[in-house]
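In the two assemblies presented below, chain A is common to both, partnered first by chain B and then by chain C.
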Partner chain A sequence: MSPLPVLDWLQNTGWATSLKESTLVFPLVEGSHLLALSFSVGMVMVLDLRLLRLCLRNKPAAVVMRELMPWSLMGFAVMLGTGFALFAAQAVSAWSNPFFRVKMILLVLSGLNALYYQLRYYPRMAEWDRDGTPAGVRAIAVLSLIFWIGVIACGRTMAYEL
Partner chain B sequence: MLQHWIDRFVQWCYYSKDYAFVRDTKYGVPILQSLHLTGITLLLGTVLILNLRLLNFGFRSVTLSELSGQLWKWTKVGLALTVIAGIMIFLPDPTRYAHSGPFRLKMILLCLTLTFQFTIFRRTVRSGGTGSRVRNIAIALTSLTLWFGVGWSARAIAFFQ
Partner chain C sequence: MFEMSKNVTYKGTVVEYHLENPHSHIIIQIPASEGKDLAGRWDIEGGAVNIMAKQGWTKTTYRPGDPITVVAHPMKDGSRAASLFYAVMPDGRRLYHDIARPNADGSAPPPG
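Moving on, here comes the complex of A and B:
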């Protein structure tokens, strides 16, 4: 079943059309989407660097994570809201854009990566953090950085082709 | 007068070296823009953490001077990536940017922001923000306003003349 009829309906809803045509609201939504990166992905990058012991080595990883995550999640809430609005404004062309598709795949991979960390390593952070980061955690941190930089690159590049 | 020097600079960009490969390669500009944005994410992420600490919104278990010592390197990495990619975006297409109002505003704000960041802000966080609470809040709000001012004027380049 093709999603195109649904996407076509979505981008022709009143609010999506007025968003697309607005010379002020569209830039504000897109600007918020980009600048919220500093909260969402910015905080995740610092956490990844801590897991790789490249900063804040003297502070327990669990403490660093507890401090960073609320801000990051707030950022992600903004990203999701503004991202959906931007998608709705150009749903059909975004859907057929290869960079959009790769971005979505990378987002899913990023989520699975974080979920695996949450299940496998998060409950015993205090324990393993004392004796050095396990190889699995290092791999997760590196993958997280790669996936998120990929998401940024695909998101930025798709804007050139819409 | 200023216009004259801007025009001279634009001409210099054109004649000093051929950067056309950036413009002519299909993904030259998108790749540089992606690196620019990745740098900004890291740069602003670390700056945000220090500002949130200055505002007393968290990270209380780490002293401000330790936090700034640990994050400074990554602020510089983010800034270097942003500036290098930014210059490489500018050079092949100087007229597009040099004559844009929002771009000029961005450059003025950027100069103010970096001056503030490397002087008052840096001194305050390194010494642990021991001044008065009002002073810390004022410094954090100035820093946030300046950095996000640069960000918003940058976004405006794409939409307004």
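Moving on, here comes the complex of A and C:
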């Protein structure tokens, strides 16, 4: 079943149309999306670098994670909300944009990557952080960096095609 | 993706006029009398609403069916789309896409 009728309905809702035609709200939403990105992805990247022992080496990884993740999640919530609004303003053309599709795939991969970390490595973080970072954790950190750089590159590139 | 150093004049009729975020689009139909290189349907791409509104563009600047003349930078790949430079209004005034640019001969843009 094609999602196009639903996307067409979405972009023609009153609020999505107002956003599309607004002079001020759209740039504010767009700007918030990017500012939220710096919190959300920025914090994740610092954690990834810590897991690779490339920064904050004298702080336990568990402490770094506990300090950074609330900021990251707050940023992610804003990013998700503003991202959905931006998508709604141009749902049909965004959906047919190849960069948008790759971006969504990378977001899902990034989520699965983080979920796997939570299930497999997070519970015994203090232990392995002291005895040596498992190769699996390093791989997850590298993948996370690649996925998020890909998400940002696709997000930026899709805007040229709208 | 646009040949920014190339200015082409497009004269036709407005088919669709969308003053929209993130980019505005004016779809124009150019008659066969303009020659085969120009004849057909063109997508003239503008900027965000905020940027264009500052130049004086409004939701009613054009309506479908209006005659239109725009100067725009064509796509490098030759497809029928172009980046708006300015529109020439019926009174000869130029309505720029974003900041008022100098004229092609280097002179200052018209005031307003």
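We adopt the following convention: the second predicted complex is superposed on the first by the 162 of 162 C-alpha atoms of A that agree within 3 Å, B and C clash if a C-alpha of one lies under 4 Å from a C-alpha of the other, contacts with A are read in each partner's own complex, and residues count from 1 in each chain.
Operating definition for what follows: contacts are C-beta pairs under 8 Å (C-beta built on N, C-alpha and C of every residue); 3 or more make two chains touch, one makes a residue touch a chain.
Here the structure is a predicted model, which is why all the values come from computation and not from measurement.
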item	value
Comparing the two partners chain B and chain C, which touches a greater set of residues in chain A	B
Touched partner set for A:Leu109, first chain B, second chain C, both or neither	neither
Partner chain in contact with A:Thr23 - chain B first, chain C second, else both or neither	both
Partner chain in contact with A:Ile149 - chain B first, chain C second, else both or neither	first
Chain B versus chain C as contact partner of A:Cys55, first or second or both or neither	first
Which of chain B and chain C A:Gln90 touches, first, second, both or neither	second
Partner chain in contact with A:Thr157 - chain B first, chain C second, else both or neither	first
On chain A, positions contacted by chain B and by chain C	23, 26-27, 30, 160
Chain B contact footprint on chain A (complex, rising order)	23, 26-27, 30-31, 34-35, 37-39, 41-43, 45-46, 49, 54-59, 63, 67-68, 70-71, 149, 152-153, 156-157, 160
Parts of chain A lying in touch with chain C, wherever the complex brings them together	19-24, 26-27, 30, 89-90, 159-160, 162
Touching residues (chain side chain B, partner chain A) in the complex	27, 29-31, 33-34, 37-38, 40-42, 44-49, 52, 58-59, 61-62, 66-67, 70-71, 73-74, 148, 151-152, 155-156, 158-160
Residues on chain C engaged by chain A in the complex (per definition of touch)	1, 19-23, 48-50, 53, 59
